[in-house]
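In structure tokens below, several structures.
The two complexes that follow have chain A in common; it is paired with chain B in the first and with chain C in the second.
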Partner chain A sequence: MSEELLMMLLADARLPVAGHTQSGQLEAAVRSGLAAEQVPVFMRSRLASVVRVEAGTAVVALHRLRAGLPLPTVVDAWAARTPSAPMRDTSRTLGRALLRLVKRLFPDSGHVAEVAALERPCRPLVLAAAAATGGLAPASLGRLVAYDDLQTVASAALKLLPLDPLDTTSWVRDLLPEVERVATEVASLTDPDQIPAPSAPQLDLWAQAHARTTRRLFSA
Partner chain B sequence: MFMATSTPELATGSLTRVRVGAVDGTRVRVETDVAGPSTAPALRPMLLASDTRSARISLVPDGAMLLAGDRIGVAVEVGEGASLTLVEPGGTVAYDMDGGRATWSVTIDLAAGATLVWAGEPFVVSAGADVTRDTRIAMAPGSRLALRETLVLGRHGERPGRARTTWEAHDHDGRPLLVESLDLDAGSLAPGLLGPHRVLGSVTALGCDVPPDACPDGRLDLERGGTLWRHLAGEAHEIPRQPWECVTTG
Partner chain C sequence: MPENTTTNGRGLRIGVCGPVGTGKSSLIALLCRELAADLEIGVVTNDIYTDEDARFLRSAGVLDPARIRAVETGACPHTAIRDDVTANLIAVEELEEEFAPLDVVLVESGGDNLTATFSPALVDTQIFLIDVAGGGDVARKGGPGIERADLLVVNKTDLAPYVGVDPAAMVSDAGSVREGRPVIALSRTDPSSVEALITWVRSELARHRGGSLVPADPGPMAPHFHADGTSHTHDHEAEHVHGHQHA
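Now for the complex of A and B:
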């Protein structure tokens, strides 16, 4: 399969992987007063923090799958960089949904089987298994993680705020150079200790607050 | 380790060592020293109290700090079964460094069953300051850590300076418990990062028995045990005291 086509497939919002249940903490942010025009800077904050952790985790997992190295140290590194239990839980829930799809797409993949054997693998590990099987380059995997995050927030923003989809798509386009920067930064990582650990204190607190409310559109 | 990286800036560097040894006889063994040029600003350890198992030490700033080129190092070791409480007489202000930089490095090594309670005071990063703050923690089985940190970006009514922090705690097998970096400046006052808040309060409790429902506000429960409380505020005194009380009084 061509790398480009596999990228399109995995980045498609119509995939049955529960992406529509996610706002990337945007719902909690809006509840605490975030205005429509602040959505682009919110997206940028995610790219500067949680997205770098997820992208770095995915790329290091990809390297280790290809090199035949064990994955539990990658899980440890990711979990130590994700202090919010609801965020860890969300990533694992999304990992499970993605794993169902990836198992069907690549039934004979040893990489997928290896990740599936982990207890509740987080989403970046499942993406890494798909990338390892489908032949994605590390930088492509980094782009996929970061791009998907932008589109998740952009599409949630349309449900939460009175926005024009032409505007939100322009915001995603404007942030593509940042996506490329994240991908370049993580592409050469091979060791779990190298995974970036930038935290986003307000995102962590929003994730926590959101997990405790029952009146919500999005699960996270 | 701290002194090994030789740069011209080290002319003003200091390393404060605090060792509270294993319990022997009637009093816990306490060793402190400060290495570095006598003119270098340093934290002087002052023993406030000690008994059979525990010591209480104040880290008193000696010399003006924190200025461009300053390198403050603190290495804390607590031996098996011993307990150390560290206090600070006041907050620390990092001043305008006019293009220069300063570093503040802490290493904490806790032996089996050791306890460290460190009640940090606010660390203020003035406009023009550029500070690197590194914290490295090694936790042996059964050790306990309670650490309070308050980072303030800018004095009252002032723009933030720059603070680059790294924070890592590992257990005795080298497995990470909490790893975090923050590169904070005026750009960090953005939604999702610090929001409009210039004060970030943290209470980290590792190895402590914290009831599962205690102090839910701002509480982050870590994957492999341990809890981090985070609060964002406009002023340091607005950071709630409950998490620290919850951790230190059980």
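Now for the complex of A and C:
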């Protein structure tokens, strides 16, 4: 299978993996006063923090799947770097959603079976299983994680703020060099200890606040 | 084949959809009240903005609040029951795992328009709701839910005298576009109409358990009519040549 085509498939917003239920904490940020013109900064902040953790986790899991090494230490490293319980829960729910699809796409994959056997695998591990099965390079997997995050926020922004979709798409384009930087940074990682450990307490707080509100459009 | 067709002995999944304010939450509360004595039930709601429906149902006291889950749809209620049912399916599966064995899971769509219907990948059978207060001509307007949902409910018939609508005419209009599929004129204050609804649900459950209930898709498109008097649906798109373009 062409790596490029598999990338397109997995990055497609129309993928039935509940992506439309996610705002990447943008809804909570808007509720606390984030303005439309600040969305690009918000996206960049995610790339510099939570996205590096997710991308690093995915790439290390990909390496370990291919090398036949155990995965639980990757899960522990990811959890230690994701201090907000609602964020961990969201990633596990999205992992379940993605796993439904990946099981169907790769029914005979041992990598998928190995990740599926974990208890509530987080999304980067399920993506890693798809990448290991479909032959994606580590840098491609990093790009996929980071690009998907940008588009998730951009798409949610259109629901939450008075924005022109041409603007949000331009913002995604403008941040593509940052996506490339994240992908390059994580591409060579092989050990759970190497997964970046940035901190973004404001995102954590928004995630916590959002989980407690009863008035919301998005799950997270 | 939709994944849903492999039923594995699980409970019946019933979708409830229809325009805003037609009484979906009340219908679900009614079903819980009437059925909870002898059936194990779970409920998934899809509110547009908030978990208002879930809270309404919890406060109605008809079901253990833990059995009522709200799914946020990111302002995409149509997507969540049609082209990406993942979030709803996960909520249904979680309820089924946690409270096994459930006999029935009710999935309430976020109030949408006349074109929204459930994918057969999510539910086994579906109820489409309209109400007399929405106007006497709604049934005539048709649409996939009105024409082909497994059951059409014309709700709030007790309000008919106040809104100048004849429920019998509405049911007759609906019947004429439904090719024999059932229609129930419902009022919470009319025990015989409630009984008819409960009988329908129980018969769907019996068909599901007997293996004869195959989820049917009401489809996104109404059949349309050609100037030469022929009509067709889009189910057989590939089988004939169109002389015109579709938007």
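Throughout what follows, the second predicted complex is superposed on the first by the 220 of 220 C-alpha atoms of A that agree within 3 Å, B and C clash if a C-alpha of one lies under 4 Å from a C-alpha of the other, contacts with A are read in each partner's own complex, and residues count from 1 in each chain.
Everything below uses one rule, namely that a contact is a pair of C-beta atoms (placed from the backbone, for glycine too) under 8 Å apart; a residue touches a chain by one contact, two chains touch by 3 or more.
Since the structure is predicted, the reported quantities are computational estimates derived from the model, not experimental observations.
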| item | value |
| --- | --- |
| Overlay on chain A: chain C relative to chain B, clash or fit | fit |
| Contacts of A:Arg81 with chain B and chain C, given as first, second, both or neither | first |
| Comparing the two partners chain B and chain C, which touches a greater set of residues in chain A | B |
| Which of chain B and chain C A:Pro196 touches, first, second, both or neither | first |
| A:Lys159 touches, of chain B and chain C: first, second, both or neither? | second |
| Partner chain(s) touched by A:Arg173 [first = chain B, second = chain C, both, neither] | neither |
| Which of chain B and chain C A:Ala18 touches, first, second, both or neither | second |
| Lowest inter-chain C-alpha distance for chain C and chain B in the superposed arrangement, angstrom | 19 |
| Shared chain A surface residues [contacts with chain B and with chain C] | none |
| Parts of chain A lying in touch with chain B, wherever the complex brings them together | 25, 29, 34, 38, 41-42, 44-46, 48-49, 73, 76-77, 79-85, 88, 196-206, 208, 212 |
| Residues on chain A engaged by chain C in the complex (per definition of touch) | 14-23, 93, 96-97, 100-101, 104, 156, 159, 214-219 |
| Residue ranges of chain C touching chain A (in the complex, touch as defined) | 3, 48-51, 55, 71-76, 79-80, 83-87, 89-90 |
| List of chain B residues in touch with chain A within their complex | 166, 175-183, 190-195, 197, 200, 216, 218-224, 228, 230, 232 |
